[in-house]
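So that you can tell them apart, the chains are marked A, B and C in the order they are listed, and the count of residues begins at 1 in each.
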Amino acid sequence: MTNQSSCDVVVVGAGMIGAACALYAVRAGLDVVVVDRGPVAGGTTGAGEGNLLVSDKEPGPELELALLSCRLWRGITEDRRPDDHRPPTRGNGLGPGLTPGLGRAVEYEPKGGLVVASTPGALTALTELAVGQRAAGVETVAVDANQLRELEPYLAPGLAGGVLYPQDAQVMPTLAAAHLLRASGARVETGRTVTGVLRGPDGAVRGVRTDRGDLLAPSVVNAAGTWGAEVAALAGVSLPVLPRRGFVVVTEPLPRRVRHKVYSADYVADVASDSATLQTSPVVEGTAAGPVLIGASRERVGFDRSFSLPVVRALAAGATRLFPFLEHVRAMRAYVGFRPYLPDHLPAIGPDPRAPGLFHACGHEGAGIGLATGTGHLIAQTLTGRTPDLDLTPFRPDRFAEEAAP
Amino acid sequence: MTERRQVLAVIGAGPAGLAAALAAAARGVRVVLVDSAAEPGGQFYRQPAPGLGARRPQALHHQWRTWERLRDGLATHLAAGRVSCLSDHHVWCVERDSGRFAVHALLGPEQREPASVRADGVVLATGGYEKVWPFPGWTLPGVITAGGAQAMLKGGLTLPGRTVVVAGTGPLLLPVATGLAAAGARVAALVESADPTTLVRRSAHPRNAVRGARALAAHPGKLAEAGGYAAQLLWHRIPVLRRRAVVEAHGRDRLESVTVAVLGPDGRPVPGTAQRLDCDTLAVGHGLLPHTDLADGLGCRLDGAGVHVDDEQRTDVPGVWAAGEATGIGGAALSLAEGHIAGRSAAARLNGTAPDPRSWAPAARSRTRLRAFFAELDRAYAAPVRWAENVPDATVVCRCEEVTAGAVREAVGSLGAGDLRTVKLLTRAGMGWCQGRMCEPGVAGVAGCDLTPGRRPLARPVPLGVLAAPPPPDAGTSPCPGTSP
Amino acid sequence: MNPLDLVGARPGAPFTVTFDGREIEVLPGQTIAAALWSAGVVAWRTTREGARPRGVFCGIGVCFDCLVTVDGRPGRRACLTPATPGADIGTQAGTGHDD
């Protein structure tokens, strides 16, 4: 007899999404095991910048998820004052507040995003986008050319203006995944590979097979990120998650010279783009630890980890255009990661009708850290049979199968 | 139409790089020797700065005749225009570029301006750097690496202090202790945690007899060298303390003394054996690690800590060879043999012919012997068992980011880290200026995980302005300012 | 015995640099680290977190412990940078950058 154990939910993937799913599922009263073939945050989570952004999303389901996630992140990370005896808020979409003070541990910085436009034409387009976002519930502040320099004294001169998004924030993603996992109280099995998804005679999922025995559970959450397609395939369903490569350049430690997350208005177009060719719109931000992070390239080249100097050169060129002082600042490191994306650039969140008991929480592209809390919260709601706070129709995991059918 | 001469870029002008450059230049290939120092020689043959006017630099060196041969050979090829030498060039990346290679460097010592070299083939002779395991007090000024003490002496003709303790493990400690003593330092002790006499004893053991004896017998020169060091240690009255280690360095703002203790069979200090030695300098080292960043950035496969090479010193990336410490630590003589083979193979391949391994048979034989010998040395100078358990929680293990052993243990124990990369991401150990080169062995030991070299596609810090600008034109044919024949 | 005698050195004429305002004599060709060592100085940086003193560690440009400010530019490796006449060398605190 093989080694067997059972629980309510197996979460496949110990990255940011898996950690958030575990946190909210345990809070919903479920017994959760998280299993990952690698270490905590070994995939896309460990290769990202930790963006919690509303600014780069056009009005629609992803922005709604981002706004929900933004509120939940605040709830998880905020410190509660010792004299604050109010009961933790629960069940209203806000952070339940059971783990106050994670902010410092995960380096949560509600620093706001500043999107800048270099030409009057770009500023007009940006302002139009902001009007729509505002109607959807995003806080936006129009910033003229003079105010830009007040907000970011080291910005290049001559920019047309921008929009400030106070809700944008940042966490250190590996710390966030590790601390959420620890705070969840879920059992975490790293270095354990899922080799199959167990299905009963009725087709219902009844757990996973791993290289170290079976884990029996009526529910399995696919939070495998870029490798989500492989886990889906183990359950006999298709989910077309593909990798989109990105490089990040890290500078020497500096005093805080870049205060917000600063990026060019072109970035929004790149995020939404369908093009397979290289795109590099500069995204520049300071970190709590001192180095400045420079992103963000997007390429579809499969799982190719090899270093690309042209990409890193393009990132440096974009960053120094925005912040000329960076020309003399040294890059110390460059690293690569793979964003998991689905053809319509929306994640898959919720139950899979093709395999009862299987839930998906993957395909968040470059926004997984930010969207993790909302995703985990919605997954916990569906796991416990409650009505999710958001309509999950746009995130249906089987939406591509229909298109593929004759 | 005349065919363009093939260009071989050799990165590193230590024994391996020089041997490769000479071998290739003698066989019709145009060689560009790229090196970060002001003068060729590498760490082993590091020369005093010319301004210091040293008339007998050989007093600080071993195997000086070999150096003279390399130096004179280089001068001949430089004069004939077969080799150009780019000194003060700090290579930060080698890029594959439509069938050729672009070697990107920063001009030293400022390292603000770029220079690039185009080549048809590349020999990576990037050498090694010292490994030091952490212990309490190892961040105090006055605590330096053994190789660092030697480099400052050879290059700057300067001593770090008056009273030195040389400690750690490995064959490098002997020349460092005797060299510092010859230059006027009082060497209070040479503290070696291994017992290298086991090298001989192990060889006597039936199980190891054949391998060990063969490795040793093949190297009468090495035994004589060891005998020479023994005589010098006696001459300079340097006490040699075996199977002991420096367990703590003391001092407020700089080193004042060290505690030395006997290590028991369990690797722990034996109670009652602690001994305090006053000193203003501790030169410490626990062996060397290969520089593999450029190779890794090119996509070359690593084999353990070093670059994987075949019998011709070829990496698994076509057009890229590696030689010397970069392929695994083995000393200057092995570096010369590997460099020679790499240079001959590269010359033949770049000229479109198949090399004949019989033509370098003597070098190949000495490569085989020396690799076996250093494998035996590695076993004799193994780390004390369970040394990492002796590192207290409060001891800084990552010098740049000031991450303690306790933080590393917490990342493993309660945050789920199981490998070096996750430990780094959770603690910042290895994310600082040195990018983990100094702390990786210590962090891996304390974390109890494998030492997997970090990926450093930027082998040196590069100004963003240099990255942002288009690469400069080929510098490979311009004369070398630092080195004239 | 000293290292200069050992190799029969006949250095060129010494020159001066300043370290934290104090004049130090340097032999031509010496790095900043060698010059400071020769003047009895072993620490010229304080760390970002603990403000602990640091100086040379690896001696060959790998460890970045010996960072120093030279003529107003922080982050120079003292073990690689030759001292030049009149150089204004200063202890580097933290990142070495103001503000």
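Just so we're on the same page, a residue touches a chain if its C-beta (ideal position, glycine included) is under 8 Å from a C-beta of that chain, and two chains touch if they have at least 3 such contacts.
Computed from a prediction, not measured in an experiment: that's the story for all the values here.
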item: Chain contact graph, described as a line, ring, star, complete graph or other shape; value: complete
item: Chain pair with more C-beta contacts, A-C versus B-C; value: B-C
item: Centre-most chain, if every chain is reduced to its averaged C-alpha atoms; value: B
item: Whole-Å gap between the CA centroids of chain A and chain B; value: 41
item: Whole-Å separation of chain centres (CA-atom averages), chain B against chain C; value: 23
item: Centroid spacing, where centroids are CA-atom means, of chain A and chain C in whole angstrom; value: 45
item: Sites on chain A at which at least two other chains make contact; value: 252-253, 330
item: Sequence positions of chain C contacting 2 or more other chains; value: 48
item: Contacts with 2+ other chains: residues of chain B; value: 401, 432-433
item: Complex contact set, residues of chain B against chain C; value: 36, 38, 43, 48-57, 59-60, 108-109, 129-130, 139-145, 147-153, 155-161, 182-184, 253-254, 399-402, 432-434, 437-438
item: Of chain C, residues touching chain A in the complex; value: 48, 75, 94-95, 97-99
item: Complex contacts: residues of chain A adjacent to chain B; value: 14, 38-42, 46, 174-175, 178-179, 181-182, 188, 190-191, 249-253, 289, 291, 294, 306-307, 309, 312-313, 315-317, 319-320, 326-335
item: Sites on chain B touched by chain A in the complex; value: 93, 95, 104, 112, 297, 299, 401, 411, 414-419, 421-422, 425-426, 428, 431-433, 435, 455-458, 461-465, 467-468
item: Of chain C, residues touching chain B in the complex; value: 1-12, 27-31, 33-34, 37-38, 42-43, 47-50, 52-65, 67, 76, 79-82
